[in-house]
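The structures come next, written out as structure tokens.
Each of the next two complexes has subunit A plus one more chain, namely subunit B in the first and subunit C in the second.
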Partner chain A sequence: MNRFVDLAKNPLLISSVAILALLIIGELVSPGFARGDQVVRLLTVSAILGIAAAGQNLVILGGREGIDLSIGAVISLGAVIAGNVMNGSDAAIPLAFAAACFAGFLIGVVNGLGVTYLRIPPLVMTLGMMGVIQGGLVVLSRGVPSGNAAPALLAFVSRSAFLGVPGILFVWAAIIVLMAFVLKRTRFGWSIYAIGSNENAAILTGLPARRIRVLLYGLAGLFGGFTGVCVIGYTGNSFISVGDQYVLPSVIAVVIGGTSLAGGAGSYTGTALGAIALILLQSVLTTLNLEFWGRQVIFGGTLLLLMLLYGRQARLRV
Partner chain B sequence: MQPVLRARDISKCFGAVHALDKARLTVEHGEIHALLGANGCGKSTLCKIIAGTVGLDTGEVLIDGKAAALGSPRLAEEQGVALFYQELSLVPQLSVGENVFLGREPRDRFGFTDRSAIQRETEALIARVAAVAGKGFTPDVRVSDLSPDQRQLAEILKVLARKPKVIIFDEATATLDRRQVEVFFEILRQLKAEGVSSIFISHRMDEVFAIADRITVMRNGQTVAEFAAAETDRYAVVYAMVGETGAIAASVRDHKPLEGDARLSVTDVRASRLGPVSFTARRGEILGLGGLQGQGQKALLAGLFGAAPFLSGSVSLDGVDVTVRRPADAMAHRIAYVSGDRGRDSALPGRSIFENTAIASLVRERRHVVPGAVFRERFAEVLAGLNTRYAGLDAPIGSLSGGNQQKVFISRWLSPAPGLLLLDDPTKGIDLGAKGDFYLLARKLADEGATVIIYSSEDSELLSLCDRVLVLNGGAITADLTGDRLTPFDLTRASYGDAA
Partner chain C sequence: MIGLAKLGGRTWVVTAAALTVLLVVNALLQPNFLEPSVIQSNLTTFLPLVLVAIGQTYVILGGDIDLSVGAIVALVNVVTVSVIAALGGDGMAVVIGLAAGMGVGAGCGLVNGLIIAGLRFQPIVTTFATSIVFSGLALWVLPQAGLPVPEPYWRTYAGTIAGVPTVYAIYLLAFLIAAFLAARPFMTRLKAVGGLRAAAFQTGLDLGRLRVLAFMLSGLFGAFASLCLTGETASGDPLMGQTLAMSAISAVVLGGTALAGGVGGALGSVLGAWVIGMIGSVIFFAGLPFEYQTLVQGLIILAALAGGVLVTRR
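Let's look at the complex of A and B:
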């Protein structure tokens, strides 16, 4: 009985069940919803959100109210940088990825330094950073969209690379495997959980908690920049607020995936499933042809229901 | 005339722990009354009950012969009992007068704060302590502009404004230097002259005999002796604190002569409220840090491990100077640290037993990838060696009892074995069986050549486990006890700063 209860509270299982249920509901409401090419299209959208949520996942796992609200602005920045670097040339794609990731990483490191050394709350620090980047983008681009994606990047994100599956899904799969390995099998991964679970205890086992936390914010920025390049590959050209729509969904995907907002517990596999479930839910709600407010109510209600299912996590007995 | 305060048959349990068992305390009018006892004897709990911050289970408190209802600090104050806080309750941005009347401001007839009344009444209070107040101490000066001495004075005025009959000073002199203590005593004498009584908890025997009229000694939650200070001496008081059981523990301990090379040599180290302190510890030695709580023992251990680095001084290991600025430095020198505050310093809640044990080894061995199978086998063996009861390495740490959790945390440091093991009250709140396993482990590590330094809040633990005990009082070492001198009597006496 106890094992059954434990299983029923497992976020991975709940997300998987939610994904299946949403696919069935979608198919019932609109036949063809769960067709192969449709599923691939939904997965592609999920991949972009999922990669953004990888960075979000890391800073949340690291604890101390970790969160990165600047991720949307960093995605926009990455898209604008990539668009201008490529300007339609396939040869410049690697450089576009490198430039966008590097810029994102630098911004993330600044976030991390502010959070750890200046002790600015992450919510405030990253919200401030979001404003700075958005303002900077307006000044730099003078409000006019500029740059566009190279043809090979467009194909990478939206056209089949192998058996009808676009390249970005293979990249996402690789990220999922890599994240699982790093979090479960490396000192760095264990350090993230340790500082998120009890920073003081982590320091007393010799871990450099501050440096790790700075690096986590840096990685969040790096994933944001990477996502930005994928976004321009999906939309074709960039406008300066293209990333804004990812801010809250990236946090929600992490939470649906079972990562505690308090830090120290969760997995990226869960977050990836969470991203898929979230995109499916939005898609089903769109298919239902509800008015905007109706979608919002059902969307919010579903999230609350999921949170309720997870229950409160058992606290340490000391 | 009735005594101003009489507490009778006071009992109090916290869970299964009997903090007080029919304790009593009688304080006469205009008397300075010292309350003494070893760690955990219940003196602080008794004071808290009298001051209304903790409720009592059974018993009664009489004030001027009348039963008092002490449900809250406010009620206690109204009946004439006030608790003195050490620099905790002043608001630096406000003036002395505003602080003194904070929350109880006199009102004028329109309901506004009556500033002239504050001024007038604070001046009257200052006049009472004029002998020590010094210049520049006026009602309207801001607290942030006061010297530390004057802040202490403002704190006392705040208490006096409540017109108490009895004031409780719990370790009021702990953070004061010699001159400040003199000022403080002057105030106590002044209060006494006005007929106000004081209950005075101190950790220094010199102070007790310098100021107290009468002394009450507590042990294990009971009141065991009451003395008139003029008619007793230090030995009698210390004997009362130790009790008859005192002599036993020392005799069962084997008096192994101390030999072996110096492993650790500490010279003139200082930290906040510690030092300068110098001592050496040998290879194979279990060195205890004794004394009352909060006398610098934890700061010494935290400094050695780099958790709160020393401000100055030097440390050498096996004859080589080492610099420890952070725990990782200490770990590189095979220094290990286990805290008794598991929730704050050790536990990674929500993580598995495996992660909770193996994490330190990843750091020490500079491994970037977890060698799963190797570590699992290794730590399963270490945990089994400590008789740890657990369901499996992947079970969460929170599924274990306190004693088994502590075994997990110490197993972090056992493979490979440490050269210097620092234990900060490690058996606090764990069961007897686990305690026994701990003692055996400490002895085994020492026999294998490690140096173990342990701070314990239980004197009996130090007496039964340690080869030598350094006693700390007010951040200084007051005694170095070995062999025949490692007795409850000497330990208690040195705890109160009485060097032999």
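Let's look at the complex of A and C:
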């Protein structure tokens, strides 16, 4: 009996069931919703959210109320940098990725230093950083969109690379495998869980908890910058608020993927499924042909329902 | 020296110092800064953030967080404006509209509190989800900005009540409510809940009731802020107040309330909200291009936070 309860509470299973159910509902409402090319298109959108959520996942796993609200601004920054570096030239794509990831990494490290050495709560530190980056972008761009994506980058995100699947999905698959490997099979991965679940114990065993946490925020920034380049590959050109829409959905994807906001427990595989479920839900609601407010209410309500299944905190009564 | 160390032990002292500096800078930049009418107009601009920050303080003291208060502000605004319009816009309609707005605010807070404390949901994601729902409802009530409020509403807000400028009367009322709550056992209990939840539970405190009350206070102060914003804009706007929740959290933290819960108070949050408001006005009057506002504001907030942390460090 208990095994059934455990199984029913497995986040991976819940997300998978939710994804399947949403696909069936979508197909019933609008035939063709679950067709191959449609699914690929939805997965591409999920990939962008999923890659952003990878960084979010790392800082949340690291504990101490870890969260990165600056991720949206970092995505915008990455998109703007990439757009200006490329300016339509294929040859500059590698440089665009490098520059965006490097800028994101630096910002993440500053976040990490503020959180660890200055002991500023992550929520406010990254919120303040969000303001600084957004302000910086406004100053630099004077509010005018600038730069555009190279043709090969657009193709990478939206055209088939192999068997109808665009390149970004292969990259995302590689990231999923890599994250699973690093988190579950490497010393670094285990030390993330260690500092996330009990930092003092981790320090006593000799782990450099602060340095690891700084690195986690740095990686979150790096993933943010990478996402920014993918976003400009999806939209074609960059505007300075393009990343804002990813901030809280990236946290939600992590949570419905079964990672505890308290840190120390969860997996990126769950987060990836959570990102897919989230995008599918939005897409199903769009096909329902409801008014905007109705979609919003159902979207919020469904998120609450999903959390009811497993995003709950421990009971105090023992 | 000991006195200084004692003072330095509190983050809000840094915020108060920052506020003083901002006041001096503003007074130098604006020759008429200290004229009563200018003071009143500045305090009017800061009032909504002050109110939201006071409400947010209680939620944060209890160890939770409320990201939905911006959406509550919008929902209260459209409900109040629509109720007043539907009832014909006379004096009685305005009173019923105000009451309906406060009711909506308290109701939204109640929903947040019941879901988070009752069902043990995580506050960040829950209030994000409820904020989507509240914004959706606001768009349902009033799909587009518009629907003016009757003239007496905004005239009273910009005018006086019994010889006192209305805005000052609202500040006074808010301070009285905050002082009253600070003197009640409720405050001590709430801090216990936020400080060490398991211990608070074991001493027999009714955690659920306290946390729900804190969320209702946040909703009520959000409604209060919304009614003031409505007095300023004099119309309905389903997208009103979107940045208020985040600014209020910054204000609360600047005011020395620990985000982890258990330490702090509403007075500090008022100072924090004023600092955030004053930064905007310094940038404006220093003649910096508008583009720099967000950047400088973000930098100053981070600097103040880092300063506060360095001061409290032992």
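Just so we're on the same page, the second predicted complex is superposed on the first by the 310 of 318 C-alpha atoms of A that agree within 3 Å, B and C clash if a C-alpha of one lies under 4 Å from a C-alpha of the other, contacts with A are read in each partner's own complex, and residues count from 1 in each chain.
Following the convention adopted for this analysis, contacts are C-beta pairs under 8 Å (C-beta built on N, C-alpha and C of every residue); 3 or more make two chains touch, one makes a residue touch a chain.
Please read these numbers as outputs of a predicted model, since none were measured by experiment.
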{"item": "Contacts of A:G88 with subunit B and subunit C, given as first, second, both or neither", "value": "neither"}
{"item": "Partner chain(s) touched by A:G164 [first = subunit B, second = subunit C, both, neither]", "value": "neither"}
{"item": "Partner chain(s) touched by A:L304 [first = subunit B, second = subunit C, both, neither]", "value": "second"}
{"item": "Partner chain in contact with A:G236 - subunit B first, subunit C second, else both or neither", "value": "neither"}
{"item": "Partner chain(s) touched by A:R142 [first = subunit B, second = subunit C, both, neither]", "value": "second"}
{"item": "Contacts of A:N200 with subunit B and subunit C, given as first, second, both or neither", "value": "first"}
{"item": "In the superposition, subunit B vs subunit C on subunit A residues touched", "value": "C"}
{"item": "Contacts on subunit A seen with subunit B and repeated with subunit C across the two complexes", "value": "313-317"}
{"item": "Residue ranges of subunit A in contact with subunit C within the complex", "value": "65, 67, 114, 118-121, 123-125, 127-136, 138-139, 142-143, 248, 251-252, 255, 261, 291-297, 299-301, 303-304, 307-308, 311-317"}
{"item": "Residue numbers on subunit C that touch subunit A, as the complex places them", "value": "65, 67, 115, 119-122, 124-126, 128-133, 135-140, 143, 197-198, 201, 207, 246, 249-250, 253, 258-260, 289, 291-299, 301-302, 305-306, 309-310, 313"}
{"item": "In the complex with subunit A, residue positions of subunit B that touch it", "value": "305, 307, 326-328, 331, 337, 339, 342-351, 355, 359-360, 362-364, 367-370, 372, 396-402, 405, 412"}
{"item": "Subunit A residues touching subunit B - in the complex, by the definition given at the top", "value": "184-188, 190-191, 193-194, 197-198, 200-208, 260, 264-265, 313-318"}
